[in-house]
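Sharing a structure, written as structure tokens. Questions coming.
A, B, C and D label the chains in the order they appear, each numbered from 1.
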Amino acid sequence: MDYFGLYNYWIVIFLMMTGFYIVISRDNLIKKLIGLNIFQTSVFLLFITMGKVKGGTAPIINHHFDTYSNPLPHVLILTAIVVGVATMAVGLSLVVRINEAYHTIEEDDIHLVEEEP
Amino acid sequence: MIRENLPALQVVIPLMAAPICILFKNGRAAYGIALAATLFAFGAAISLLTQVLGVGPISYELGGWAAPWGIEYRVDYLSGFVLVLVSGMGVVVQLFSPASIKREIDEEKHYLFHCAFLLCLTGLLGIVITGDAFNVFVFLEISALSSYILISLGKHRRALTSAYQYLIMGTIGSTFILIGIGLLYMMTGTLNMADIAARIGPVATTRTVLAAFAFFTVGVSIKMALFPLHLWLPNAYAYAPSVVTAFLAATATKVAVYVLIRFTFTIFGEHFAFEETPVATLLMPLALIGIVVASSIAIFQKSVKRMLAYSSVAQIGYIVLGVSFVSVTGLTGGIVHLFNHALMKGGLFLAVACVVLRIGSDRIDDFAGLGRRMPVTMFAFVVAGLSMIGVPLTVGFISKWFLIQAAIEKGWWPVAALVLLSSLLAVAYIWRVVEIAYFRKPPEGEDRITEAPVSMLLPMGALILATIFFGLNTEATAGVARQAAEYLMGAVR
Amino acid sequence: MKRHSVLRVVAKLFLPYILLFALYVQFHGDFGPGGGFQAGVIFAAAFILYALIFGLRTAHKVASADLLRILMAAGLLLYASVGIVTMLKGGAYLDYNFLRHDPVHGQHLGILLVELGVGVTVAAVMVTIFFGFADRKNR
Amino acid sequence: MTSEFALIAAPIIPLAAALLVSLSGKIPNLRDSFSVLAGIILFGTVVSIVPDIMAGGRPAFTVVEVMPGLALGFLVEPLGMLFALVASGLWIVTTIYAIGYMRGHEESNQTRFFASFAVAIFASIGVAFASNLLTLFMFYELLTLSTYPLVTHQRTDEAMRAGRVYLGILFTTSICFLLFAVIWTWVITGTTDFTPGGILAGKAEGATVGVLLALFAFGTGKAALMPFHRWLPAAMVAPTPVSALLHAVAVVKAGVFTIMKIVVYIFGISFLASTGSNQWLIWVASATIVLASLVALTKDNLKARLAYSTVSQLSYIVLGAALANQAGVVGGSMHIAMHAFGKITLFFCAGAIYVAHHKTKVSEMNGIGRQMPITLFAFLIGSLSVIGLPPFGGSWSKWFITMGAYEAEQMIPFAILMVSSLLNVAYLLPIVFRGFFLAPKETSDDGHVGHVSDHDGPSPGIWKIGALREAPLFCVLPICMTAFGCLVLFFYASEMHKMLLPLGAP
């Protein structure tokens, strides 16, 4: 099997797991969000990868070329990126307000604050 | 003209109303707009459902592009049914909201509340109506993002951490769904649900499709808070503003269940989903464990909202249980419970919202003596609570009837027994509140607590009446649900 | 930043071109790569650069929070109302063929308006997000 | 008035009464007259159906079809007719008694009490006239709910605990077993209608029948079959009119009625007898009869003793049903009425003694007959009827059940019935004996008992004629009526027998 030929997918999986690991393991709320972002971005790569056609160019009609990459995944990913940006904006603004309310963005410290009466 | 464009308008009207709310930047004007848009959505949903019942599923091509290329909006029995549920709950919650948010949300944020509410409604309606797999993801995120905002509007600072927690979990869930959709697209080259279903046959046994299904199932399980992926839910429900809790509890998780049903039955097909993969053997135990564990946890909660939140986790278990029977009766039970649970849980949360309005707390101990001070509210709580238990004359009974019937048909006695036993757990947690409200003496100096305003009692009363009405006349619920189930199971195609 | 003359000069020099490029990406979207999303972000980038160099107060003079709010809503409304107009003209939602007498012109006009709506909203939202974080300390 | 119209009116009357009672809460006299009036109208309505039933008519009425083939409907047949007659007839008496008791005892929340009472009767009428299992189940649960406020009427911790036991056992059994059995029956047969001859014949066989019967029998927690009888003694904390209603009229009778109805109209007695699945139920019922009687002997609290006596007597009816032959079924059904009159008399007396003298223990009853001769005489009549001695109603039903045991060749249950009657004598008659023949202990001349604390002073409305200290008139009158009823039933038993005979038809 040609495992190495599919190296894009290995990268996707590596990034995905990296991001996921960060989300789970980090205490810092901002770092969590960064992990989440990496996680989402890996999925964008997955989509882009599957849209690639070997030897194809950008999908703009031009009589010099007859093979084009699939444009649809790009369009989808554009939407997904927007979603990602929006998520990040909401997430970060929540963190800002958490910081204002608790004066910390470390999860453990927040728990400590909450346990106080 | 309106009639043939109704599927698009169903989503577009609430979507357009949201920026108009922003334009006005005024709580009252925003309320008027939001209410009008929600009412329109409700009317549209009812009209669509009647059309579907009359002439069969409706298809609408967005932008005039034919189905596999363009985005298709598709209303069949199930989606019509869920549309009515979601928009109907929207109307009830909107009617209920003014007095409640006045106390729980700052005045200058009211227009934002209405805007986020409309966006959330748009997202939920969009998920249900679209026939395009990627569109599901987009609408899922619209509704999710707006619900994070809605939750973070809560007064307590823990609302922020809850919203954050929900954001992390929710984003992971929807990204998983996105991966699933991507892998499906990879194998079939199309995003139209019907088209995927038609083309998935030859590649169904590939590892890619299996992976797609796995990612999708896990993602959607997070979204619908299936045990043990429910951890985000109790906090989010407990600290969100009361009306938001009522709306989300009644609709958001239900729509996630809709997505599960839609994907497993329409796209993957029940043969693939439940025979080729071990999903059935996984979903059912999780559902059952969820029912028992979450109900038990609910008994020990100090906050009524949290208690009801755990009860929601358990009730999701019932719905998923119905789905995992993979029989017409079971699926009917699941779909009916989806509707019924929305009614009764909405009613319960609205009742709690009334209480919070008057006493500013949802701790169980603070409910003491409310049976006398707020008789209408507590009566509503009791009726909806009885429905949760599954007492006859209420909708909860109808759901249980179908679920148990499905279990008996399959000969799965322990499942039937467990469903019945879990009703007793519901008795325990509901009755705890009732006892305190009716039998415990209120603390001194609480005489000024009065009944909630009529503007809140009426919508809540409507829900409670519906709980009883649909418990007696199941034509509109169980009838449509059975049609939807038969359609999904391919009995009539 | 008042003392960083180099930055101020370079920024002033760049800003028109960034804005121009944004407009190019916006209106060339019909024929080549581009469109409202990208254009909106580029436009917002120019504005954010301006705010970084010349200070928030000056930036607010150019675009007040109210203006941004209105633009945000207006862009989305423009998008949605194009769909409504096509409906009124007898087509499906967003079926641009019905915008003009012949479908080709209709498609042209339709995509232009829709992308304009997207561009305006994206730019306004991006700037609003920036302000949302940057203004936080002033409160 | 046609019997269909009467059938529709019957459930509405108590419901309307509940509404009127709660609206007129501020004017006690008006409120209480509403209660009594509704009772009389209801009884008249129910009686008006009787001739039709005797003539073989079966008036029916469907309210709403919940699901296809699953309706909410009413149908009158002899067994339901009997139960409705008992429930509505005794409602009048109990209401009158309750007015006297509640006022004499200055209880709080009387409006809620009478309203709940009316709702409970509504539920009982619904149970009696239910045309299918679903309807029956609905009203069964409504009955549980509507009596909960009555059981917890006093709002003390003890009442709350009792309320939990009450609700816990009745809900657990009905939801876990009864509902299960109902749905199972529906899945097997596709119907839940009560049909003469049963609906299970040919559809179920072997172990299924036995399991179903077990689910039905234990699921009907109100029948207080051991080991699910605990709720009944626990519910004794309620005011006495409630005990009278629960233990004689509505709740427990609804339980045994349900079992009887299911045996006759769901299983069909010939089918049940032919499968032999009823054997175990015969033994459980017999065991309950003896065990509960033995427990009753050990109880010093009068109401607790009567409660265990009720547990024992209810199993007579279950035994009659389990015998699954004509004599057993008819006898069991008759016992519903006979025991109702006997036991309600006993409870009324217990209540009257409490109102007049605040005595609850058997050991305190010495000499009470000298102060309350009417009450204690009625107590004697009730006891004799429960024991089953002529010329009182109880003798007939016991006679038929014993006949049934003999016909079914069940000699050990036959013997148990005999022994049980002796036990009844042993736990009931000593009370009468103490009351009439023993000298009062440590009481002063005016009948004041030393240790009662709260309600020490004489309650309002008590008769004082010389040494007599009877309960209020409103209490004594109903006692006389029911005691007289025990006697009357002995002579009218043949009418009842004639009406019930179709039940045993194969």
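By definition in this document, a contact is a pair of C-beta atoms (placed from the backbone, for glycine too) under 8 Å apart; a residue touches a chain by one contact, two chains touch by 3 or more.
Bear in mind that the values here come from a model prediction, so they are computed numbers and not experimental data.
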{"item": "Chain whose averaged C-alpha position falls nearest the assembly-wide average", "value": "B"}
{"item": "Interchain centroid distance [CA atoms averaged], chain C/chain D, Å", "value": "79"}
{"item": "Chain B and chain C: spacing of chain centres that average the CA atoms, whole Å", "value": "36"}
{"item": "Between chain D and chain B, distance of the C-alpha-averaged centres to the nearest whole Å", "value": "45"}
{"item": "CA centroid of chain A to CA centroid of chain B, Å", "value": "28"}
{"item": "Chains grouped in pairs wherever the two touch, ordered by label", "value": "A-B, A-C, B-C, B-D"}
{"item": "Complex contacts: residues of chain A adjacent to chain B", "value": "20, 23, 29, 32, 36, 39-40, 43, 46-47, 50, 72-73, 76, 79-80, 83, 86-87, 90-91, 94-95, 97-98, 101-102, 110, 114"}
{"item": "Chain D - residues contacting chain B, complex", "value": "64, 66-67, 72, 134, 137-138, 141-142, 145, 152, 155, 160, 164, 167-168, 171-172, 175-176, 179-180, 183-184, 186-187"}
{"item": "Footprint of chain B on chain C - complex, ascending", "value": "66, 69-70, 72-74, 76-77, 80-81, 83-84, 87-88, 90-97"}
{"item": "Interface residues, chain A side, partner chain C - complex", "value": "58, 60, 78, 82, 89, 92-93, 96"}
{"item": "Sites on chain B touched by chain A in the complex", "value": "134, 137-138, 141, 145, 148-149, 152, 157-158, 160-161, 163-164, 167-168, 171-172, 175, 178-179, 182, 185-186, 191"}
